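A, B, C, D, E and F are the chain letters, set down in written order, and residue numbers restart from 1 in every chain.
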Amino acid sequence: MGLDLALATLLSPVVLFFVLGLMAALAKSEVAVPEAFAKGIAIYLMMAIGLKGGVEMSKTGLTLEIIMVMAAGIFLSFSLPLIAFALLRLTTKLPQIDAAAVAAHYGSISIVTFLAATQAVNFAGLDNSGHLVAVAALMEVPAIMTALLLAGRGKKKVPGSEQGDLFREVALNASVVVLVGALIIGWITGEAGMAKIEAFFVTPLQGVLCLFLLDMGLAAGRGLRQGWRSLEPTTIGFGLYMPLISASIAALFCFLLPMSAGDAALLITLAASASYIAAPAAMRLALPKAKPSIYLTLSLGVTFPFNLTIGIPLYIVVAQLVTA
Amino acid sequence: MAHVMNRLELIIERMALSRASNVLEDAGLTGFTVVSALAGFGRGQHWRRDGDLSAAQDMVVIISIGKADKTKAALDELHRLLENHIGVVSVSEVEVLRPDRF
Amino acid sequence: MGLDLALATLLSPVVLFFVLGLMAALAKSEVAVPEAFAKGIAIYLMMAIGLKGGVEMSKTGLTLEIIMVMAAGIFLSFSLPLIAFALLRLTTKLPQIDAAAVAAHYGSISIVTFLAATQAVNFAGLDNSGHLVAVAALMEVPAIMTALLLAGRGKKKVPGSEQGDLFREVALNASVVVLVGALIIGWITGEAGMAKIEAFFVTPLQGVLCLFLLDMGLAAGRGLRQGWRSLEPTTIGFGLYMPLISASIAALFCFLLPMSAGDAALLITLAASASYIAAPAAMRLALPKAKPSIYLTLSLGVTFPFNLTIGIPLYIVVAQLVTA
Amino acid sequence: MGLDLALATLLSPVVLFFVLGLMAALAKSEVAVPEAFAKGIAIYLMMAIGLKGGVEMSKTGLTLEIIMVMAAGIFLSFSLPLIAFALLRLTTKLPQIDAAAVAAHYGSISIVTFLAATQAVNFAGLDNSGHLVAVAALMEVPAIMTALLLAGRGKKKVPGSEQGDLFREVALNASVVVLVGALIIGWITGEAGMAKIEAFFVTPLQGVLCLFLLDMGLAAGRGLRQGWRSLEPTTIGFGLYMPLISASIAALFCFLLPMSAGDAALLITLAASASYIAAPAAMRLALPKAKPSIYLTLSLGVTFPFNLTIGIPLYIVVAQLVTA
Amino acid sequence: MAHVMNRLELIIERMALSRASNVLEDAGLTGFTVVSALAGFGRGQHWRRDGDLSAAQDMVVIISIGKADKTKAALDELHRLLENHIGVVSVSEVEVLRPDRF
Amino acid sequence: MAHVMNRLELIIERMALSRASNVLEDAGLTGFTVVSALAGFGRGQHWRRDGDLSAAQDMVVIISIGKADKTKAALDELHRLLENHIGVVSVSEVEVLRPDRF
């Protein structure tokens, strides 16, 4: 089963287009998905994911169990950066500020990894519920807050900024707003509303994802080409073992909480995934002296491909074990 | 012609645009125009806009033409802003038409 | 019926995404649909609307009744700016040039409002015919001509411009060209041609509209945040009552002409709607000293939401009364 | 049959949108599909074409006959520029460098012309096989190599360039990489993989093509307006007769090789088509002193419309004759 | 080096680009390059490109390097153009390579 | 202020960007920022970005602020690069904050 799943994942069009982009960028080809087009697609993806989660939540409502899973997600997002930070400081030569910035990425989540996991979960014949989308949204921001504390960012006023600016900008970052907004809209309009728009938001989703992953592959490849020199081997190692650590801790929660195997797989994936949209933007604003060549390359160039190919099938198997 | 003004050119992270724009406005400069950068190089690192999904590395170029004293006032604050941010600021002299609008 | 319709309108995904965008912008979130993507979608929408209208016209042809409705539309577009201008000069302190620019917007039309009305009309179980798309296209430009006269724009030559430049630029503005062009193409190719492309231009239309309205909400919110200081209360009032005046005058025409309730609802909506693409672009070219913060904020930030939520259901009810 | 086909081609939505764009640009309308959006669509089209070809090749595999057609395509791409160059030097006053640049375009291919021909072939009731997509990809680059030789481009080092740069940049140009990559992905994932993404890459393709051709019409019209002054009548003539010469030579190959009528029509079309994406980009890099106003205007403004309207129906008829 | 030319920088509405470009060409300037602005501020008003569907508020920056007399000729006409349009024009001195091409 | 640097402005084809950027880096300049052009005019030919699907005619503007000797070194190589490419290069003097970073 695990092998089947791993193979199906590896040879899915979505993963292959990521590999195409990665190879094109490493071979210095000039292929590029225009930035405006890619960002438009990113918004589409967040709308699609949010709507789907919302429609499903409109069927189940908000139960105590769901609230417990949400709380677990928030707790993981807050606390995983602490572990990440400690590990980075122990095993790498990264300065405090860079270690904090990297930590933020590993506490926060990757929505594309989540989407890929959703599809693998379905392929594995497991069910998953819509509220995991809400959990994903809830896990984006807390890690960033933790990282700001870890970086020891003082309260001294930056010229031109207003009080509360930073918090607002971090909490209201684009992905959270669109994801949560679409979730609420899906919840309000339910299946009836969705029926009218699913020809745009549901049916073509897999194909759109191929295009987006081509672009992610290009970005990852370009990042690796520019940034691999800034990465020590121990830092790269971190990008590979940290997801496993996060996954293990999340698996513990799944064992303790009453969750279906599919939901557990998604929560584990969220914990193991690293952000490459919300967190970098927040870091640039809050910790401009931290180097994007480190945190971006690690998250997008190392951890994302790891999760996409090896991680997700593994997390599904683990989820089945802990919820059995 | 022969109305001499200062041309301030500030290259800064897009994320810091609203801060920089507050600084310029507070210094009394009457206008500025922002252009977005496509790529760049600094301290050994290259970036390009389409290699980064988060747009975290985007830079902008802010051009503001104004009276020397206003430019001076802006520079002092910009100096402080740039302690927290990444960027390059430069000033040159230009001649303008319609000096009354600055 | 009216209430049902109002509720269905208010809670449709399209309106809710507009609200999401509006709220995000007012809360100063950095959410943004890239300009190039939004403009691409705008072109898609105009192609889709034009094609649909053209295909339907290919079935009915051009009857005397249709020509009369077109003439009514053109007349409304030419004359409503006169009323708008007079009201603005009487009730607000807007200088002549700004009043003229605003007047242009209220004589011209909003194609998204039109599209939303089409859907509400269908929901209300009424029929509507394709030639209203042609009427929409015909109503875009005349109002702009009237406004130029009202602004007393002299004939003095602007350096770098050629004779007839302005007229050509206004008459051949992008939305008119694409809308009319697609209409003619739909007319020529008819249902057979449409069958091959409806998977792109018809089925996903509602979903695409959600994405576009998210962007319109963002633009409206940003406009309001920047521009509300430039708006006196009486000017804002104008943005709310002018659609009702335009609607009433259009309703009179609907009473006099032999029209179906659905078509009447659309003509009334066109009259009541205010332009936020064609007219601003024309104003910037012809009356650069008029302030966009006034005409754009009023049209997109005040009148568009009003029509989208309250206006359309009302116009449908009125249309049913006058054509009963 | 031929006339029927010609008419169906001329009045298809795709061609009509090209005409709309062309007319809008010639009338100096400001209609514009944003560059980022158009480039995004171009990538989508190449992915869609590549995937389709790959899936079909996954059914047939690589036979000797297919390899022979591929070899024929490569040979045509290498050799047609020689004929084109000779004709240009004989009949026009173009300097060597511009003649070489133009020659590159006519040896290389246009993927949109290919796509339009695929649809006309289907409409004509003929079959075509997926490996012609591979042939198309193989024909993009050789012509460019020939042209560099013809231009006598020395080996002197350009400051800032590395050895092998030029070859890599030409061979790994965006369209080739995406086309070949998608072809391989389609081949690997086969019909099962395609089933999940065809709602994005197959069903809406025709409609997306309409939008793209609107943009091509605009670009062609703008090019003609800017560039027609740079074109002598004999150069324009070349843009009309060269496709016929290329088509004739390709037809000879089709007569000699065991090919279906549909495949033959596509190979002839490829030979007759002129590049307007890969070749101009390569020329700008390798022969920056050659004038885009000549090669782009000729390829996009003269030869593309000729092939789209008159050429394709003709090539299909010829293909039926030579394979009968 | 040491060939001194003028660098004219014109910030103007995108809508007026074709007019401005006619003016520069008519003045005999041999080239210019246009860059699009992303955002701006002037007379108390902010604009940003993605806050306006109609693109009515878009501005562009036109850079033209040329001989002093040509620049002077362009300025006179630009002065008149700017009576009808919104914009800022400034001129500075620059040194160029290959002076024969201007 | 009063730290004088050179501001190099290079308008060149986008296709040649990586070459130009190598040249600047090799000359020892510590940074540059690239802005993409929207349209342009030169030697009797107009181009605009959205009139060309291949983007073959796109130009970029490269701004690099640096010490006079580094700029000088870059100019010599750029002169050679521009023999193979299309473009305009100009240099002016500017004052900067934080001179140590150049």
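Rule of thumb we're sticking to: a contact is a pair of C-beta atoms (placed from the backbone, for glycine too) under 8 Å apart; a residue touches a chain by one contact, two chains touch by 3 or more.
As the structure is a computational prediction, the values presented were derived from the model and not from experiment.
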Shared interface partners, meaning chains that touch chain E and chain F: B
If we define chain centres by averaging CA atoms, which chain lands farthest from chain B? Would you check? D
Report the chain whose CA-based centre is farthest from the CA-based centre of chain C. F
How many angstrom lie between the CA centroids of chain C and chain E, rounded to a whole number? 34
Roughly how far is chain B from chain C, going centre to centre by Cα mean, in whole Å? 38
Quick check: what residues of chain F touch more than one other chain, meaning two or more? 21, 35-36, 46, 78, 92
Can you list every residue of chain A that touches 2 or more other chains, as numbers and ranges? 32-40, 204, 281
Pairs of chains found to touch, sorted by chain label: A-B, A-C, A-D, B-E, B-F, C-D, C-E, D-F, E-F
Taking the touch rule as given, give the residues of chain D at its contact with chain C in the complex, in rising order. 11-13, 16-17, 20, 23-24, 27-38, 40, 203-208, 210-211, 214
Chain B contacts chain A in the complex at 13, 15-16, 18-23, 26, 45-57, 77-78, 80-81, 84-86
Going by the contact rule at the top, pick out the chain D residues touching chain A in the complex. 34-37, 39-40, 43-44, 47, 51, 168-169, 172-174, 177-178, 181-182, 185, 188-189, 193-194, 196-201, 204, 281
Going by the contact rule set out above, which residues of chain B touch chain F in the complex? 9, 11, 35-43, 46, 59, 61, 72, 75, 78-79, 82, 88-92
Chain B partner contacts - residues on chain F that touch it in the complex: 1, 5, 7, 17, 21, 24-25, 30-36, 60, 63, 65, 92-98, 101
